Amino acid sequence: MIKVGIVGGTGYTGVELLRLLAAHPGVQLTAITSRKEDGMPVADMFPSLRGHVSLAFSSPDKARLNECDVVFFATPHGVAMAQAPELLAAGVKVIDLAADFRIKDPAMFDKWYGMPHSCLDLLEEAVYGLPEVNREAIRNARLIGLPGCYPTSMQLGYAPLLAQGKPLVNESMLIADCKSGVSGAGRKAEVHTLLAEAADNFKAYGVKGHRHLPETTQGLQAIAGRKIALTFVPHLVPMIRGIHSTLYAHILPEARDVDFQALYERHFEGEKFVDVMPPGSHPETRSVRASNKLRIAVHRPDGGDLLVILVVEDNLVKGAAGQGVQCMNIMFGLDETTGLTQVPVLP
Amino acid sequence: MIKVGIVGGTGYTGVELLRLLAAHPGVQLTAITSRKEDGMPVADMFPSLRGHVSLAFSSPDKARLNECDVVFFATPHGVAMAQAPELLAAGVKVIDLAADFRIKDPAMFDKWYGMPHSCLDLLEEAVYGLPEVNREAIRNARLIGLPGCYPTSMQLGYAPLLAQGKPLVNESMLIADCKSGVSGAGRKAEVHTLLAEAADNFKAYGVKGHRHLPETTQGLQAIAGRKIALTFVPHLVPMIRGIHSTLYAHILPEARDVDFQALYERHFEGEKFVDVMPPGSHPETRSVRASNKLRIAVHRPDGGDLLVILVVEDNLVKGAAGQGVQCMNIMFGLDETTGLTQVPVLP
Amino acid sequence: MIKVGIVGGTGYTGVELLRLLAAHPGVQLTAITSRKEDGMPVADMFPSLRGHVSLAFSSPDKARLNECDVVFFATPHGVAMAQAPELLAAGVKVIDLAADFRIKDPAMFDKWYGMPHSCLDLLEEAVYGLPEVNREAIRNARLIGLPGCYPTSMQLGYAPLLAQGKPLVNESMLIADCKSGVSGAGRKAEVHTLLAEAADNFKAYGVKGHRHLPETTQGLQAIAGRKIALTFVPHLVPMIRGIHSTLYAHILPEARDVDFQALYERHFEGEKFVDVMPPGSHPETRSVRASNKLRIAVHRPDGGDLLVILVVEDNLVKGAAGQGVQCMNIMFGLDETTGLTQVPVLP
Amino acid sequence: MIKVGIVGGTGYTGVELLRLLAAHPGVQLTAITSRKEDGMPVADMFPSLRGHVSLAFSSPDKARLNECDVVFFATPHGVAMAQAPELLAAGVKVIDLAADFRIKDPAMFDKWYGMPHSCLDLLEEAVYGLPEVNREAIRNARLIGLPGCYPTSMQLGYAPLLAQGKPLVNESMLIADCKSGVSGAGRKAEVHTLLAEAADNFKAYGVKGHRHLPETTQGLQAIAGRKIALTFVPHLVPMIRGIHSTLYAHILPEARDVDFQALYERHFEGEKFVDVMPPGSHPETRSVRASNKLRIAVHRPDGGDLLVILVVEDNLVKGAAGQGVQCMNIMFGLDETTGLTQVPVLP
């Protein structure tokens, strides 16, 4: 049994980790920390866990995290980079659900997250936890920086197009029109995500710039081995979970005859968590609700020169906690689907 | 034109007051105060008001509220009782949407609102702003304590039963099972009313005791002229606006032959904002959305001895801002429906 | 492996059965029938099942249901009573999720469901599938009539009170104010459950009479061994899943000293799917979302003589498909929790 | 007073017309037809209208529509073109909210609406009811074909760009990523728009082709006086009202120095129902809820060569009934805003 610790389990990615790990047959939940809630049974905060998780929060100093095999950070940005060095030194693997180890360029990190990176050598060592792109590196990693929720959907949605030897689409004119449920904003007391503000409403936000843009650009460039340019427009949907990314790409004249459906199917062949749907499909976010699946449909309206790629994922599972468990499974030599076989909840 | 000031216009009852007053033909919006937002145009905070309200927030000291004819307080509990004396002294009428002047017993106020009442003589003078019960007193009032949202629905729902010379129902066994949309909790940064917490979910709260219970009991006793006992169980509905109160009352043996439908119709005859629906109706909250109407249906399942009264209102209109405007119309001798003729928004 | 057939898998209880059975380790999904969708892979209708269920719908005549060990009916009322006799004769056990075998009095069935009962001897034999009340009878049953969604919550909520030798509460004045998500109305093309009708809205319905009332009364009387009288008022909540029942009972003078919290805890001791929450709790529907748990809280406002029992369940799981699987587990000698250990999905 | 008739008032655009016309000071609601509901008071179907509309539905033959000054068709496609000729011959003006008179090319109409056009000469005469583009033609029209909901937002969103003498953006690569609330699908009994299907969910639809594409292309070409090519991807949002269109356009090298914010402000100067918001704004659908306003924000992320135009409208008001009333006001010489001054309902 893998001994697992969680730092900061009071947010949505934390409680989602608990949901998944409580049912994971290869895991022993060992510690969960919260300075503020020290001593409080986890199930008192999240009654959904009554009967499933008997653990109580403990303050970080008492938690003996360095006796764990792996520790997940479900914390605000900046916490993992402060605590990871000591854990790694104690032989504990670290999986960070926040942004500390996502962006390789420390200046870029500073610009978008408003803090200098305190841990540059680890930043270099850290592996970007997107298994469908980085599986081998993850297998041998000590430290994982998990992708953000939007970036997961954009990178997997564009990967088959960009991973080819030469460009198939105009890689400097990519447009990602993305829509997220409100849980993506976290379990924080804020006005703009109140039900009375966000329900029965729809809006774009962050059009000027969003933290997930540099991360995604970095990831897409790594996949392509070339410079790319992406416009990313996020929107807030009055729903709890789910991301729907509508990705646009202009097909280059020399690629007009490519069978893009086949390209996508081939690219993701054998992947357990990526489902390329039949031609003409319109995947719904609820078709992956509470599961680690990501579904993709490939459209070429009117047979023209614009590709429209539709991608759905559960932002808290494949976009966060589930992807973290998937990485853990790889790192510890388990079957990649262990504990991740939940059937999506519909309706 | 009535010169109107608003103290504290950044919450839901405040913006609703603005929506109603901006379209009120007899009103000149003169000042709206917010210390924090001094100088900010109201329409910058609430873009829905762009093109309708050109006023900016001003800090309380600059607002010259004592040049107004009437000032509404859409503030946290405790503000109105601190500022009302000065305004009244200057000849300004005051309508408080908070709880400062609702509960006549200062000890009770202290117990439920956690602060001593600082203004006892005004408390005695203040008129409870429920026009269908208190119209004449309102007409001559300088100071109005507006009912809470739940209490409005419970009092108007029970009034025809209790306003009779002798009891028709067991008045010590009243049960009000009430359901409110989330805007009732206000525009405050809190976790439990986030969309991701409150959507696709239903729960009771405050079963142990809720501030609206003593207020309602006081009001029902005033209507009945007798002691009554009420159990009040509020619930949170994943919707923005609306209250649905399901009221239960056990019919006394001597009242078995009463035609309760007729009783209700007679009681509210001529009332412009109370609609007694035909027998067998199930009023919906959306049938009063964004309007000052309150609709009531009277049921007696299986012809038995239990009355079931269904009441719907928009908590922000008849349950707050609209009722305030209705009181203002009465106080200033306008037709009671002036500025309150909005057709409910459905769907 | 238990060979399982499903008749009528295109509604919500059908797809929920599929979700549960696809992950059930002791089950082999053998056939699912739909005359209309003959040949269509189930996952084409419900993409959430892609990768989990490879079965296709087959027309009833081809489905060879009598080679199954057990057949679930997730059909409109009236279908199971037509087809059960042949299956039972072939040695197949039958679990009906519709109402055909719930109400023991055929006249009552006819009155509420608008059709004569065609299968009176089986009606007598059929066991009411509420394990926490009827476990032993279920163990030996060939034919199960599963409780309705509301009745499950009302019966388990009132059971500890009524199951005592002598009355503790006024059993002729029970009031159940129940609230259900919209999936309870089924996957039927209807106007009143459209999102544009039912969202951001709340209403009561069926106050005159609802099919679940006679079923619940019958069940409560069986538990009490006495006559009871219940008023049942259902409401429609703008959410997908979940039932919240607020149950009222007037405590008899002789029972004033009973510790009702302890009574409930004792009554459900050892039950895996019933969770009596700590005093003062307000269970939320989302705390049982997508799980077979039912949670109960016991309140006695102000220490008075009115009990308020709060009950939540997922109407599609404990209120339908999950309870069916629970019965199946009992009937086939499996651990009762097999395939039913899902952690509720929150948020 | 303008005598107004409505054909087919049982859908969402019909009830929205009723809401607006009931409060319109220059209108006398004269007749509303429904064969099925002959004799039923309108307020029985829509209780929100109780106290506001006393009219009953009448069957088309009894309705004496030709005594009206203007008749609105809020009917399925195909009805208006069958009945308009007789009304026009009787001197009655006609405003069609359906698609019968939107598309000028009858072959195109046939292709997308699956019926031959039966009324070619009127098709030619009909004026496309988009006041901000076609005001003068509307003033003198007998017959209006009102734009669809999506097309209104796309045409007004792109108009300032295309209405210039020479192209500013690549007009053959326009992309409109649009999102609509569920009321856009109408008040029809269907499964896919049930709350239990559409809530807490997001998806694209009609990516292969949507009826609003040819209409929008025709409109944009009329504005530009040039051929354009548009990709239109509609999505379904779990909300009742509102459309949010995110419009993309690649700026041509020769237009890099254009001040697009100023261009938009200038273009819509004096328009009462189009609000160009300040730079950096993210308009929300709720900021126009239940009003005839359309709000636009102009973005140029990172100062690059891609314009992102955000447009919001209420699909039932500016996208349907409100626009119809606006056209009527113009046709009858009223102030264009008469009866359309509602303040948006927020929250």
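Details
All chains are identified by letter, namely A, B, C and D, in their written order; residue positions are counted from 1 within each chain.
We take it that contacts are C-beta pairs under 8 Å (C-beta built on N, C-alpha and C of every residue); 3 or more make two chains touch, one makes a residue touch a chain.
None of the values given here were measured: they were computed from a predicted structure.
Across the two interfaces under comparison, A-D and A-C, the one joined by more C-beta contacts turns out to be A-D. With chains reduced to the mean position of their C-alpha atoms, the one farthest from subunit D is C. The mean-CA centres of subunit A and subunit D are about 39 angstrom from one another, to the nearest whole unit. Rounded to whole angstrom, the centroid-to-centroid distance between subunit A and subunit B, based on C-alpha atoms, equals 45 Å.
The distance from the centre of subunit A to the centre of subunit C, with each centre set as the mean of the Cα atoms, comes to 37 Å. Shared interface positions of subunit C, defined as residues touching 2 or more other chains, are 12, 181, 183, 187, 196-197, 199-200, 238-241, 283-284, 286, 289, 347. Across the interface of their complex, subunit C is touched by residues 12, 15, 19, 22-23, 46-52, 183, 187, 199-200, 240-241, 275, 277, 281, 283-284, 286-291, 293, 295, 316, 341-347 of subunit A. The touching residues of subunit A, when paired with subunit D in their complex, are 173, 175, 177, 179, 181, 196-197, 199-205, 207-209, 229, 231, 233, 235, 237-242, 244, 246, 248, 250, 280, 282-286, 289, 299, 301-302, 304, 306, 308, 310, 312, 347.
Those residues of subunit C that touch subunit D in the shared complex are 12, 181-183, 185, 187-191, 193-200, 238-240.
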